[in-house]
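The structure under discussion is supplied below as structure tokens; questions concerning it will follow.
Chain naming follows the written order as A, B, C and D, and within any one chain the residues start at number 1.
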């Protein structure tokens, strides 16, 4: 049995999988990506091969290699590397879990299977349990995202007595806006040292007040620093300042949501902000349009999320 | 033009329409109901003929009489009486708006029409504008509840420039969990004195932190006092205490949600807690089951939301 | 007790409510409309104040006057006039049912209530029963349209033993594509003389083969003649010809569906084809765009559904 | 380039993947299964690794082995073996397509990717095209099942000009009840020799009349003989008899649908009817309950779909 891991907290970036123009994985920039997250964004935890990372669009062997690369490049730089090992096939999910343990990842996360769907919480928990058992020394996180999976079982019901069923259970990534469900997860498990990670970036403040202990999301790749300022304001009970930070972040997200915002667009924005080429997504996604990128860039500049010396005199929104 | 109304804030109870065992409106208890809200729950604003009040199950003439009774009985006791005048027929909505003005209500609220649906925000705003114009001296509230109406137009888009279109616009009842949309309504209208009333009772705290100025809901009929304690803790920046209050309230709501919770159940709970007979709902609803009522009662007692002297020594959850 | 009505069969036009440019009901053209249906389209049954007729956008007093006008103008010309009396308020539905009886309509139809929704089939049947009881001598039709009401109760379950509960029950308007449900309604009620009217115009042939005895729809206002040809081909077992007619009708509907097709567009098309001004719809709908009308007209001509002498040499699709 | 395949027509059984009690694939009964389909059900085409076969719950290497076994055991017995090679990962889908070609399958079918979703028809077609290109000599079928994938792109739009994009395109498996879309696929592609295979077993007759050339489904595993009788009646234009067969089949499906009907239940029913042990499903499904199996068995007997000598005098429904 591995030594107990420290609790996962704060911001966790859902990593993008960089690709070449031909849609092959571009492993060469991952080291640079790690440094960028740590130094420029102040983000030291990552969530690999999730939705943002196009994890389910990769082959199993690609998922293994991507996980390995992040673990290797993150060593001594990142705090925790959690690998998403969810798959439609239990066997493949188990293979990925075992592999995560072998490469020295810090945890695994699993989504509910979503083609053939579990009919009730017991079947879902059985599925999760079988995956967890393949990596008996790794912290296990349940990734709750009903809008994408169509699995309507409440997280609170999944967590009821989960430690008896899955001893490695360590926390929840909750990607939904039902804060009754989320807060009851927190309330009913107060005695336990679980991580309650919120996954709807644009309304993180609303979950912090409900007891979230951290957050996993794609925007922390490029708005990590800004979001950390919000977390700090919240910590010191400066709610007015925290809300101002949240509003600023929302102005950007609200803007791109109206243009159509998904993984393709996240890749384009990250390329803009970090300067590291993320490349296009793989089919069934297609590259963000030039029009999107231009509009997003202008908005980033107006909010001072992307600054160039010669623009400093421009028309900034009051987001400082 | 009427004198400017003071801003609607704090808790607003979505009133139940009391009925006799035969499904006729029981006007006789409304005076007692007003006193109960003010004295026992500390709630001085009401929202009449909304979803909780089975407003759309009443005939137009019944809606007029119910509105009149609440205005009359609330005089000098309540701060504000807002009448929901939304209807599928624009003409009927206008008739109700005009009537609300005649009887001296303090405001009107309108839901998006939901059988034939507006195709875009402009058509929706035109509809709302036509209703508002029928009561040109009354504050106007837009009641946003996409899950019930199926109208997916974002509130933030409806509010964009709304004062130019609807000069009487005074606020929003936002009954949804999309707090990006809600908070952007607040952020983009900071200069205006709008009321931002949240309508998902079980997660009110998450909206307070996002800038909500009040709340409209059915649970404030019987949990108003408890919720006011949460509001006060939030005001004095005692977030830990506010969250505890929110958790307690959620424990009850979470419990009844699992049993099946709607207007019928609200009537049963209010009867239990207030002692005022709310009666059964009207078709297409049916009376809450005896099983529901028994379970709800036991939960109310265990949470100390319903106390009897002889139970004080019982098994209370830590919700004080 | 009224004398038994003959069974409703064949095509039933869901009538449009003609309006003036100011959105008031244009009663003056209803006589002409009746003649057009009978003489030009060969349609002798109508369904008044349904979805197509914007029934739920009218006030109760308007619904009464519209019903009355159709009954009056249809006398000795039409076979049957069925009035849709569904409403969110049971009381208003009952008032309309009683009125339909008083003016001598041939039947009433009721949709499931759809704001507050019946939780199970028993509550739904109770609701329908209460409406039917207000017009005890009129044939009663249940109008099943789950996509619009959100009421997922299967029609087959509603019809199970319905004659014991609603003695005036005479048939079903089934507006859905679940032909398992539809066909089981037919199969399980073979001994009874119910009308099984299908309500998805663009795939009527698929329901005829499953046992439909007729159809109610908006397209029979202007494609009644064409559809009657399909019915006749089906009757004489000329399936190849029936399918050709169905394909032709579909080409038009498929074309307008892609442009956005609803009640507004139906009004524009009917105005084009019949020459009788249907006017704009009432809010929350808005008038079909000029672009829609132009495109629809071109398609109607290319399919020879709208012929002008000088176009006879044009580019017709093979739809004769 | 392979010699042109003959057109796929008639019934195609969506094969179950037999499993042991421990959830491993039970290859040993596949030969027996082939004989049963051919001899007892008169079904000579199969669709392997689809929804019914739990294809997406298998690992890629399992999918390869299952495909291989069916091709091997079906040689000289079955007419056509189509392998479903759809996967969330394009690479894996391509690997499976290439493998299908190598083992000598008769065609491949692909579902729209459904976690990250194609935004429009062009992206979807690009995805399909990339898979098809991995097996350039194999007939390609598009498997349209919007209710499971959430991809709302109409099949008719996907088929528009598809031969220019995917030269191996040979047909459509259409698993939806939108018969406007289905029939327009047929109508607009009359000149081409495509197979139009319907996938909603319980209403196959409605698609036959619209031009379906065959059907793919799970019920043809055990109701193939019965369904073939319906096809024959339809062929000889005996619609009354065809409808009677359809009603009988529906009585069974309607019955199990009410009990909860999915892949687990299909495995239980097939075991009952064929006597070949299909075993339990794999997680996230769970074995059909004993109660389901008992009820299904009783219904099968009452409909004479499962006959035992000693029951011949029992209470049969009129389904002969």
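The definition used in the following text is that a contact is a pair of C-beta atoms (placed from the backbone, for glycine too) under 8 Å apart; a residue touches a chain by one contact, two chains touch by 3 or more.
Bear in mind the structure is a predicted one, so any value in this text is a computation, not a measurement.
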Most remote chain w.r.t. Subunit C, using mean C-alpha positions, is A
Subunit A and subunit B have mean C-alpha positions lying a whole-number Å distance apart equal to 36
Taking each chain's mean CA coordinate, subunit B and subunit D are separated, in whole Å, by 50
Among line, ring, star, complete and other, the chain contact graph is ring
Every chain pair meeting the touch definition is listed as A-B, A-D, B-C, C-D
Listed in rising order, the residues of subunit B that touch subunit C in the complex are 51, 54, 56-60, 62, 88-92, 95, 112-119, 123-124, 126-127, 130, 148, 150, 260, 262-263, 281-286
Residue positions on subunit A within touch of subunit B in the complex are 156, 177-180, 183-184, 186-187, 202-203, 205-211, 237, 239, 242-243, 246-247, 250-251, 253-254, 257
